[in-house]
Structures are given as structure tokens and as C-alpha cells.
Amino acid sequence: MWNVYLSGEIHSDWREQIQKGTEDAGLDIEFSGPVTDHEKSDDVGEVIFGKEDRQFWRDHKAAKINGIRIRKAIQDADLVVVRFGEKFKQWNAAFDAGYAHALGIPIVTLHNEELVHPLKEIDSVADGTAQDPSQIVELLKYLLKEY
Amino acid sequence: MWNVYLSGEIHSDWREQIQKGTEDAGLDIEFSGPVTDHEKSDDVGEVIFGKEDRQFWRDHKAAKINGIRIRKAIQDADLVVVRFGEKFKQWNAAFDAGYAHALGIPIVTLHNEELVHPLKEIDSVADGTAQDPSQIVELLKYLLKEY
Amino acid sequence: MWNVYLSGEIHSDWREQIQKGTEDAGLDIEFSGPVTDHEKSDDVGEVIFGKEDRQFWRDHKAAKINGIRIRKAIQDADLVVVRFGEKFKQWNAAFDAGYAHALGIPIVTLHNEELVHPLKEIDSVADGTAQDPSQIVELLKYLLKEY
Amino acid sequence: MWNVYLSGEIHSDWREQIQKGTEDAGLDIEFSGPVTDHEKSDDVGEVIFGKEDRQFWRDHKAAKINGIRIRKAIQDADLVVVRFGEKFKQWNAAFDAGYAHALGIPIVTLHNEELVHPLKEIDSVADGTAQDPSQIVELLKYLLKEY
Amino acid sequence: MWNVYLSGEIHSDWREQIQKGTEDAGLDIEFSGPVTDHEKSDDVGEVIFGKEDRQFWRDHKAAKINGIRIRKAIQDADLVVVRFGEKFKQWNAAFDAGYAHALGIPIVTLHNEELVHPLKEIDSVADGTAQDPSQIVELLKYLLKEY
Amino acid sequence: MWNVYLSGEIHSDWREQIQKGTEDAGLDIEFSGPVTDHEKSDDVGEVIFGKEDRQFWRDHKAAKINGIRIRKAIQDADLVVVRFGEKFKQWNAAFDAGYAHALGIPIVTLHNEELVHPLKEIDSVADGTAQDPSQIVELLKYLLKEY
Amino acid sequence: MWNVYLSGEIHSDWREQIQKGTEDAGLDIEFSGPVTDHEKSDDVGEVIFGKEDRQFWRDHKAAKINGIRIRKAIQDADLVVVRFGEKFKQWNAAFDAGYAHALGIPIVTLHNEELVHPLKEIDSVADGTAQDPSQIVELLKYLLKEY
Amino acid sequence: MWNVYLSGEIHSDWREQIQKGTEDAGLDIEFSGPVTDHEKSDDVGEVIFGKEDRQFWRDHKAAKINGIRIRKAIQDADLVVVRFGEKFKQWNAAFDAGYAHALGIPIVTLHNEELVHPLKEIDSVADGTAQDPSQIVELLKYLLKEY
């Protein structure tokens, strides 16, 4: 069984495409990823540990909780797919990539041609760079097939 | 002696401000950082290992060479300061932060108030967040002073 | 499945509250913790390995046996909750926190407002600080929910 | 050359006694320890990174800065001496002991007879327990002598 | 249960001999190895991630994908058997041996007498050197038998 | 479930006593140990990998094979019990203890009173020292009981 | 200061070219490598530890001694350059590459165009591939220059 | 510069022979070893930390202090030479060998022919086995010579 962490963009359905594709292929993969309910993820610090006056601490408390969840999932992963979309800074996706790489966990990136230059450092340590989720499905089919 | 890696933005003089401030204070610090000559850094892959037709491989070869230099410097660092500026994606700065954090090396971030929300994941694992390079100088004065 | 170690205070029912709350929520969590039968835990060294004249060695033999049990449980844990009560020194709880932190295992602390200052070092490496066991239940619900 | 970290109590002169004793013996030891100027240590977060309304965040910011300093020193240490005094909670001393032990760094404790029972877990992983700083001096003389 | 990685030569049936021999003996072993469909393994980079003009990048993309698969399997292995045949350079088999050895995973080599001298460095860190797959079967029978 | 490695003496039934005692107590423990068929263990190198003229290489080949088995078992163990009997050098038992200790795996020793002085270095890193196998059974009952 | 290990081919003067080039450039580099006196390296086992009847053990004893030297040098290296020549199997060079990679030490390969296909696995984890020693000199100039 | 730990027998002058031989050869080696003043080593626990009634704790306290010294020296060593003499159990030498091996530090053993069988497990992980200290001198000359 493989554990695959799907890091990055939460505003498109790329995770579902990969999960559906690999399920259709009958692959035994456990997927994990960040909390994709944006609001819930942003609010969780205050919801559980109490209100804050400053935005910094509000974000801090939420990010620390999400960090527990994300770090466990990345540490358990055999592969981390890092998706960079068109919008947003997505520094957390780049952070996840650096974190995974330092732990020796392989990374595959997923982004459009126009991001090639700004993502060169991350692509240079990745074991592959895809433009489309269907390529990740093909990759996983290849990796999990018995020979 | 402390080793401090200065990661991120290469288009302002924040590194010089920190270096001058700590030199003026007589602190024994070895600073390291990425190659800040942008053009040289981008071209190095082709210059040393030969021309490429595709931008992807051109960037790849350069990023791998720079990676040798950067990873050694971060691994040797006692502290990594990560600077996010106004412009550019700066995904490599976020990548460095993730890399350092996984190795257990402390991080301090340096960025303006408006980046608080997009940088929450990185700030949440940092041991401090500064808005101005002079605060990093003060931090280093405190950390290195003998008591 | 998550492994959660519940460190610290053994004279109140905070462990039961957390275990009941998460069972009621149907979460798949394996809890572990120190031997909460105080007398048995104190006596075990002499009971198994023989009587001692000095209190120091009596305690030593018991603490070493308990250490085997505790260290295995912390090493296996995905999260360590550290509870500081009103009474007793509870240095072992602080020791567990330091031990877990050095291993890279996330910590959440659980204590009253008045302990904020003396616990600042431990809280500063924790990924959250709760005042009530019900907050730990909410945290675990969030961490284990599938998205 | 040996590096020795002196953890714990900051309200008596035990550090000076050890340092003087080993200097008198001509031993080549680099000592480190926490910032012993209590006020400066408590204030440093606000002084460098700005004011906070809540005591929790005030302490948090200071403790994180001190943590950079302490963790580096413990990681570099060949031996950690942990002193527990009569007063204060001293949970940070116990935390340091747990942190050092998980890293495989030897610990020696220094405390009075009446703390034997509450410190049994920490003493049980220590390589020695002293009542008086002069014993630490004797220990270091023995450890550093050439045979 | 044991995990055994079978590294090296893909042009003879040595893997099948070992697998059949241990199945016949009723041993509970999970075998893994590289993709033995040579063409598929060479083509996979271009098939999944797109065509390349240069042979170097064509091979590079395929080798990186195969590397994800191989490294995971070696990391999970309790034993790595490294087979060197008569033909081909087989540098990847030697690379696997170095990789496994650095991770502390035991290696057994499998090669003919005439390769003794050129393989001396690898044999010198191996826990055994066989000439015939049947010896590996005997070895596994011995290692897995309950006493 | 606990994994316990039983290292040392192979000429008495101490392993059986411990296994029977814990089975009777219904404990879920997986025991492992060296091959206790002395002759088989000594001969295995030649039997599998061929005859040798010198005793040194004969022993070498056998010891390397046994080493694969032993190291895997110790690495998987939660506890290593090391038994020193009256006869034989038993340097392999002491070696196992050093190996386990460096990996951070707890050790309990089992030997008679008269071996206290020559075993002081090993006992000093053990978490307990027993004279009789029944004490190991009691220890395991305590360690595995749920509280 | 950088430590660079020069692995592989011992029958051409590529090491001297690199060392001379970097000395001429005034770079502060400590080079290490295998014993390049082929005969001495092959004989050392018997010379120090005594004659053997079989070629296997003769090689074994020499390779183990050389292994002490090589592994220390690779572990200390910041960069490993792996040279594959036209002749000989050079499995030890490939082994060194695998060993260095598992330790996280960056590799640069040095070989002719015709070896691209058989070396694809090793090149795929290298941070650069050169055809000529002068390119390694240029690389080191870039890596060590202060910016 | 090399660090070499000389473990084992303290009742003959083998350490002096090695040190003299390498000094005469002008080698830059830092030797370390246990405290060879037997009485001082046995008494140190009581001398520094106070009298004990039982031999077990007397030895325990001394062995823990010596352990601080020995473990630091082995961890710093590039090579551990383990000497087994005719007399005494020397379990601590075997323990040191296991400890060093688990840390990946190379071992060379030094003992007479008649100890070949009882030391087979330790010899099987050693990178060489000598009968005479002069062979260790030759080994160190070879290892440290520049090529």
C-alpha cells in the first residue's frame, strides 16, 4: 500500500481527479492532504482554543493545529504531489516541498508551463513535473504495478 | 561562533543591513545565502554544463548547482532568516523554510504586515517574525551575548 | 489511526474525559499514558527487583521500569498531551514534553491560566494550549476528520 | 575540549562555583546556559518583536527567542547539568533534561535530598546525582583528566 | 514477515527461481525489485511526462520515476540481494548496494567466481556471497525458520 | 503488542520459562532470539556458502548470516533481555547489549550476583537487573498491563 | 572550507587536473579519494593482516581496510565527484555514489557521452554531469565564491 | 586528523605500543580510551557521589560516570580498536564494539588465535582482526597516508 500526500491548491478539483483515476484503476493508495474547507481551516484556532484580538495570533493558532495534521501525513507519505495553481501565494505548498525533501520523501510537482521559472528550485529536487492530474494517475499506475 | 543563513529576497539590501549591524556590534557571525547575482545564478547551469534547448532543463541545471551550495549552507546554519519581499513568488524562500524546519534548524521570518495571512504556516513554525532587518540585528545581539 | 500519549497529572479524571469524548465521537485513537495507580507505580522496582535500604534506589528502580513503558509509548505517539495540575511538582510531565519535542512529536499542553508564566518554555514549543479536556476532544475531532 | 550546559535555577551562584572550580583546576571547558538576567529574559520578546496585550503571547515570544539559544547550546553540549532549587516550578529545567536525554546527551542532576522523590524520573536517566556544585567540579576533573 | 529486495540483472530468471524456491518452502516473504520490463522501464519518462530531444533527459526522466519505486522498496527491505550477471555494466545494482549499505540494510551478493575481484568492495560489506540462486533460497529458509 | 529479544545464554531453558510465564499470563508478546541450535548456527556459513579451510572464515561466514537475523530482531525489539550464564565467554550477549543501547532500545540484564562486578558497565545502562527469569515475567506483566 | 571526495577511475590524471585547477584559483578545498596506488591497495589486506589461500579472502581483507578510509572520507565530504572511465567495471564508483546519496551528500558525475544510458540511474540523482575535469573546476569556483 | 578509541584490556601495554608506533611514524592521531587506573575507575562513584552499602550501586555509580567519558570518546572516534586479552570477562570491550557498530563506526579487533571462535560475532562486523599491536600501527600508517 502507498501513502500519497496531495499538497497545495485547494480551489480546484485536482485531488478528486487523481483519487477517482486511481480508484478506477483499482490501486491501493491512501491519500491525505490539508483540510480543504478553507474557512474551517482558517477558523480552527479560535474555535478550539479561544478568540484573539490580533490577526497574527488568530492565524498562528490555526496554522499550528493544521501543522500537526499535515506533518504527520507528510511523514507517513511515500510520495508528495505538490500542486501550484494560478492564484494565491501558495507558500505553504513550497514549504511542504522543502519539508518533504529534507525528510528524503520523493516529490512530484504539478503546475503549468508558465510557472517553470519561479518553481525551478522545487522542480530541481522533484522526481517529475506534471502539467495535468491525469499524468499523476499514470505515474501511480506505473509505480504500483507488480512486475 | 554562529552560522546564519539569509534566505529569500535578493532585490533589496536587507542582507547588507543585517551584516553591517552585527559587524558594528562586534558579533562573531558567519553569514551565508544564495548567489545574489540573479543573472549569474540563472545562467550557471548552461555556463558550466552546456546549452539546453528547453527553458525547463536550463533552469533545472542551474537550480541543481545552486542547490548544492544552498543545502550545505542551511545544514551548517544555527539560524535561518527567511525574507519575503513584495514582489516575485519567492517559492524558494518558502522551500528553504520547510527544509530548515524538517532538519530542526530554527527559523525567523522577515516580512511586512500584509503578508501575515499567506505566510501563516511558515510563521507558525518560526521562532520569531520581524518586519525590519534591524530587529534581526537586535535578535542576534541578544542570542550571542554572554551572560 | 492515531496514537495519543496523555502525560502528567494522575489525580483527576482528565484522561477519562478525553477518552470518553473521543469514543463518543467514534474516533479511532489508541491512548496511552503512565501507570496511574500511584502506589503500584512507586513500588514496582522493589516488588520486581527486590528491596532497597535507601529511598533513592527504591525510586530509581521503579522509575527505570516506568521509563521503559513511557518512552515506548511516547515514541509511538502522533501527539502528546501534557497536563499540569495545581498540585505536585510534575517534573516528569515537563520531562516528557522535552523528550517528545526533541523527537519531533507534536505537543499540546493543558493547564490553567495561572500556570501560563512558569510553563512559557513548554507552551512555546507546543502546537496548542488548552484549559479544559473538552478542547482536546475538539482538537482530536478536527485532526482525525476526513476532508 | 568539553561543552557543558548548566540548566535550571538562576537565583543562586551554583554556575559561578562550578566555573570557578574548573578554571582553578585548569580544565578546558566551554560552559553555556540560559540567560540568567531574569528580567531581560522575560522582556526580550516584546523588546525585539513588539508589544502584546496578553501575557500568554508576551511570554510566548520571549520563550521562543530563548529557545533558539538554549536548544543550540544543549545540542552542542557533551554534558548537561540540571539544577533544581528549592523555589519556583523550574519546569524548563525538567524540559531541558527530557530534551537532552532524547538526543542522547548525558545528564547529571544537582539537587537536595528532599527532591529525590519528585525528581525520580529525571534522576533515573541521569548518569549521576549531586547535592553540591563542588561534586560537579570533581566529576569534570575526573572526566577530563588524561590517562 | 520479511521484505527482500532483488536488485540487479533483469535478463535471466534468477528472481523467479528464488521466489519459487521460497514459496515451495512456505516462507512468508514479500519480494520487490525494479521494473523488469526493460522497454517499459526505459520509456516511462517520456510516456508519462512527455517527449525529449536529448537521450540524456529521456533517460533522466525515466530513471527518476524508477528511482521513486526502487528507493521505497529498498528502504522497506530487511535484506537486499544484489545480482551481477555476465553482461551489461549494471552500475545501478552497485548503486543500490551502496544505497542499502548506507541505510544499514544487509546485503547479499550473487555472482560468478570471475567477478570476485571487481566486486571486492561490494562483497566486503555483504553478509554473504552466493554463486547460485538456490543458495539464496537456503539462506532465507535459515533466516526465517523459528527456533 | 510488544517485541522482546532474548539475547545470550543458549544452554539453559530461561527463554522457555519466560515464554511460558507470559503465555500463561495471556500477554501479547512476540519473542525473538538467536538460533539456539548451537551446531546449526555454527555450521550455517559452510552449509550455505561453501567449505572453508580456516576456522576464522568458517566462523566468519556463519556469524555474518546469524548477524542478519539478530540485527533485524534487535532493531524491531521494544525490549532486549540479556542473559549471562556461568559458562562461556558470551561476548555476543555483551555485543548485543551495546548494539541495542546505541539504538536507544531498553535493556534488562539477567544474571547471578557473582557477575555484578564484571557486568557493571552493562548493568549501568540497563533499566533493570534480574536474577531469575520469573522476574522478567513479572516485569512484562507490569509493562503490558493496561491502566 | 569544502571537503570534496573524488571517487572512481584511478588510471588517468583527472584528480590532478581538478586539484591543480582549484589550487590555481586559490580555492580552499580539501580533496580526498581512494588509494590510487593500485597494487598497494590490492595487497594491503595480506600485508597487514597475513596471507590468504583464496583470492576471495585476499580481496576481502584489502577491501575492508580501504573501506574504513573511503567511508570516513565520503561521510566528511560536502560533495562527491564520481568519475567513470572507459575501462574496468568500476562498480566501487557506483557503490560510492549510492552510499553518498543515501547519506544526503550531493554527487556530480564525470563521464563521456557514450555512458549516458548505462549511468542513467546515477546521473538521475546527481546534481550535475560533466564530460571534462575542467567543468568540475568551474563548478567548484562557482560554489565557493563569496557573494 | 583521526580519532581512535582503544577499547578493552587494561592490564598490558598494548595502548602504549600503538601510541609510540604511530608517534614514531609522525601520524596525527588523537587516541582515547577508558580510565586505565583500575582502582580509580572502580572507586570514582563513591568518591564523587558518596558511599553505598551494596556493591551493585557502588559499581553502578562508577560505571555511569565512566560511561559519560567512554561514550563521548567512541562517538567522536573514526575507528575503534577492541583488544581482548587472556584474562577477565571483558564484557565492556564487547559492549563497546556493539555500541560502535550500531553507530556505524568501524571496528578492528586485536586478540590471539584461540579467541577466534568465541569472538566470531564481533570479528564478523570488524573491518580487520589483528594479533599484535604492531599490525594496528601498520594499519594506521596505511589509513592516514596521503595518496
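Each chain gets a letter, A, B, C, D, E, F, G and H, in the order it is written, and its residues are counted from 1.
What we mean here is this: a contact is a pair of C-beta atoms (placed from the backbone, for glycine too) under 8 Å apart; a residue touches a chain by one contact, two chains touch by 3 or more.
Here the structure is a predicted model, which means the values were calculated and not measured.
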Reference chain D; chain at largest CA-centroid distance: E
Chain whose Cα centroid lies at the greatest distance from that of chain H: A
Intercentroid distance (Cα basis), chain G paired with chain C, Å: 50
Interchain centroid distance [CA atoms averaged], chain F/chain H, Å: 23
Chain B and chain D: spacing of chain centres that average the CA atoms, whole Å: 31
Residues of chain E engaged with two or more neighbouring chains: 64, 67, 129
In the complex, chain G residues that touch chain H: 33-37, 44, 47-49, 61, 64-65, 67-69, 71-72
Complex interface listing, chain A residues touching chain B: 55-56, 59-60, 62-64, 66-67, 84, 88-103, 115-125, 129
Contact footprint of chain F on chain E as seen in their complex: 2, 78-79, 106, 127-130, 135, 138-139, 142-143, 147
